[in-house]
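Listed below are the structures to be examined.
Heads up, the next two complexes both have chain A, just with different partners, chain B and then chain C.
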Partner chain A sequence: MDYSPVLISLKTAAAAILITFFAGIAVARWVISIRQENVKVLLDGVLTLPLVLPPTVAGFFLLYLIGVKRPVGQFFFTYFSIKIAFSWAATVLAAVVISFPLMYRSARGAFEQVDQNLVYAGQTLGLSEWKIFWKVVMPQALPGILSGGVLAFTRGLGEFGATAMIAGNIAGKTRTLPLAIYSEVAAGNMEAAGVYVWIIVAVSLLIVGGMNLIAVKKQSFR
Partner chain B sequence: MRKENNNRIRKAAPLLLMAVMALSACSKGGSADAKAPAKAGADTAITGAEFTEAAPAAQTEESGEAVTILIAAAASLKYSYEDELIPMFEAQNPGIKVQATFDSSGKLKTQLEEGLEADVFMSAAVKQMTELTEENLIDAGSVIDLLENKIVLIVPEGVDAKVSGFTDITDADVIAIGDPESVPAGQYAKEALTSLGLWDEVEAKSTKGTNVTEVLNWVAEGSADAGIVYATDAKTTKNVLVIAEAPAGSLAQKVIYPVGIVSTSANREAAQQFVDFLQTGEALAVFEQYGFSANQ
Partner chain C sequence: MGLYLDIEKKLKDITLKVTIDTRGHQGITGILGASGCGKSMTLKSIAGIVRPDRGTISLNDRVLFDTDTKTDLKIQDRRAGYLFQNYALFPNMTIRENIQIAIRDTARKKSEIADFYLELMKLKELSDRYPARLSGGQQQRAALARVLASEPEVLMLDEPFSALDAYLKELLQIELLDILKTYRGDILLVTHNRDEIYRLCDRIYILDEGRLVASGATKLVFNDPQVVAAARLTGCKNIGPARKISDHMLEVPGWNLRLKMERPVPDRLTAVGIRAHYLRPVPAAGSNCIACRWDKILEDPFEITAITGQGIWWKVSKEDWNHQLKRQMPAYLKIPEESILFLKDQVTG
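After this line comes the complex of A and B, so read on.
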């Protein structure tokens, strides 16, 4: 039984959440600060697209971007000798793109429900914007942001369509759990596929359940 | 009064939306496993209800109504079937409509085992056909070893080639092959590479496609530096270059494409007519045009 897909999936999801977490928060904060309504709405739509479109659409665009024969991919290849397509980095790229909207939306929602009065209070007390963000806004938004992070992590763990398109199915390098399951089912090895399925279900349940448990515990102190 | 009307609209809207979604789901027939493509322009249309029902809809062959048969065929047969053979057959047999689903023989075998209601199965290797026959899913007497194909090594066109042949195939960073467990092209690749003593090295840097078309397109896109596909696949795209054929003697047996009738087929006569058609001179001429050879 080859357990490399488990390791690869966990590595990929971990790397992806590291990027997505901070990117999602930063972008959410930026979008909220935009004053023109139209720009805000349009930006929000574009940033949410990977969530509502089929992952294969994201894969299509990514392939057009980083494929060896395409402009960006060629640039990286000729000047840095880095081939993004079909490398482990591509699995992370796919996971980031697909899970980003989840993180972004959760972060944005969390920020928007922060009591503005507290922010004003901070401003009248002379706190800098940075201090207000870290001491007033973040603690309030943290539960929403953390749950967004958990969702984004599990979404990155389960990414399949875009990964298959830009990272390929290289056992030991880019074959993530979902790809392994697909390959085993295609080969008729239902038992092997079943093992992978149970692993990913267990991991996801643990994470989501753990998150809920922490949320409940936090509530009980209020 | 206005407020009342608004409330009614608000209540009706979600119900209306659900009704629209339910209707579109029924008529489009969202059957995920029977990926029968609706060909533009060809009248192979059939309502999705045919695929979502558990028992096949009764098709009367005698009363002159159109009979529809489903062919499950290896991915490498897609172009020859869709572009020439199916239209040819339908023109000659106006009472029979042909639908087809193309994928790796391994995936199709799994689908047939899980209940895909196909009438004819044509695989790219004898292995899947034999296994299905042993499981009594294929009519043993109906199996014909119809075509022969060749395995070739390809590289992306327009990219500096890293390999020049089978001997230095390991110079590539990523080699695309079909998954030997489910894709005949992968089986043949494994066989050829094993006989050359290169299998282990190649497998370590291989990306395994779940059908041969996926392998072909990975190379065409340049994502893989080299790949092993059928000669017939290589002919379908300008984006790959064939640099070598499988060395003589590297394959224990020829690459054989057998065709057989699914034992649970509800349209046996029509299925047999299609299989007979495939053996005619004009059908074989079409296959040869696409790079296959008739199995002697």
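After this line comes the complex of A and C, so read on.
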């Protein structure tokens, strides 16, 4: 039994959520602050696309960008001697791109649900924007943001299509759990596939359940 | 010292155009208007939450906003305290934390100052509770403590009693008056409730669809609102389009009535108003009397409200109705001359 897919998957999902979590929050704040309504709508659509398109389409676009002969891929290769395509970094990239919309949308919803009057109250009381964000807005939005983080993490853990396209299925290097399951089934090893399935189910359940518990505890300002 | 503003802003359905000047006046200034008339917008413009299209706002000789000089102070720098309709207490902070965060001082001083306001608002026992566990009245007191603790130069109250039930409302109005007496800056109170404004405010501005229709000392404005919209907003139930016939005679076609006046009838009169309480029941027809065909009779705890076929409202205390009238509806109502309001459609001059 090869347990490297478990490690690769956890590493990938952890690295991806680190990026997605903060990027999702920052982008959500940014989109909310845009005043032109049509720009906002367009941007929101583009940022949500990876969620609604087949992951292979996202993978196709990514390959188009980061392939060694493509502009971004070439840039990284010439200046940093890094090949992104078909490396571990590519599994992270795929997970980030696919899980980003979940984080972004959850964070945006959570921020928009915060009563705007609380922000105005803070401003009229003379609190700095920084203080208002960290002491008023964030605590209100936190449950929504955390649940977005959980969704994004588990989505990143389960990413398959885009990963296969840009990172391939290299055992011990880019073979994540979903790819390992597919490979084992394709090779007729139902038992090995089953083990991977139970691992991914257990990890996902643990994280979703654990986060819900924390969220419930944090919520009660009564 | 005081607040001066002269602003214009295009809103969805109306254009807000309002001038308010509290300089040289003491006490509470009220803004009365129906919902959507722009009164909250006015407060929000002063606070800086909303930006007027044109105009100027100054507070104690400090320019907060001016389109000519392109001045637009940040909300934080305006020192305009705003008591929100829903109080806007920070739900994730205790009452004490809510107050402390608003105090601009050192940490040790903060706790001292917070103690003072908790005491002032009788919130000592509740200081460690979260806002969700407080009643409406307690939340209002906490919000008021918080806004006072931020030491604003003007205190703006946006429908402060609308979220409270009737019993609590009266109690809190009395409390509020006491507390507000200790506050040194200007106070602006916005409401749609004429009783609140009459009781609490020394001077009022009446807004109708974004336009100022009356302003001045509260009692003077209520006694002589001059404009139809102002009369309606101050609670005048009977307003009829009227026509001048001669210097001492006018006609109210809707009420089928000619009124003889001792006072000279002004030329630009377009309507007359008579408050429902001021009509006098009389047994027989006479001059300035309305023959009543009673259409609806409503009984309140202490008052009878009756409406005639012409749509004229009459209110009489239960005591008078029981004793003087012996529970009989009168056949005629006399309009006492001194209670007749001469009204115009528009503000002029």
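In this text, the second predicted complex is superposed on the first by the 214 of 222 C-alpha atoms of A that agree within 3 Å, B and C clash if a C-alpha of one lies under 4 Å from a C-alpha of the other, contacts with A are read in each partner's own complex, and residues count from 1 in each chain.
Basically, a contact is a pair of C-beta atoms (placed from the backbone, for glycine too) under 8 Å apart; a residue touches a chain by one contact, two chains touch by 3 or more.
Bear in mind the structure is a predicted one, so any value in this text is a computation, not a measurement.
Of the two partner chains, chain B is the only one that A:69 touches; chain C does not reach it. In the superposition on chain A, A:130 makes contact with neither chain B nor chain C.
Using the contact criterion defined above for the overlaid structures, shared-chain residue A:79 touches neither chain B nor chain C, since it reaches no partner. Residue contacts after overlaying the shared chain place A:170 against chain B, while chain C stays out of touching range. Once the two complexes are laid over each other on the shared chain, residue contacts for A:185 go to chain B alone; chain C is not touched.
On the chain A side of its complex with chain C, the touching residues are 115, 117-118, 120-128, 131, 135-136, 139-140, 221-222. Taken together, the chain A residues at the contact with chain B in this complex read 63, 67-69, 73, 83, 85-86, 166, 168-172, 174-175, 182-183, 185-189.
Residues 104, 106-107, 109-110, 113, 156, 158-159, 173-174, 176, 179, 181-182, 203-210, 218, 221-224 of chain B are the ones touching chain A in the complex.
Here chain C touches chain A in the complex through residues 47-49, 74-76, 78-82, 84, 86, 88-93, 101-102, 104, 130-133, 146-147, 150, 152, going by the rule given at the top.
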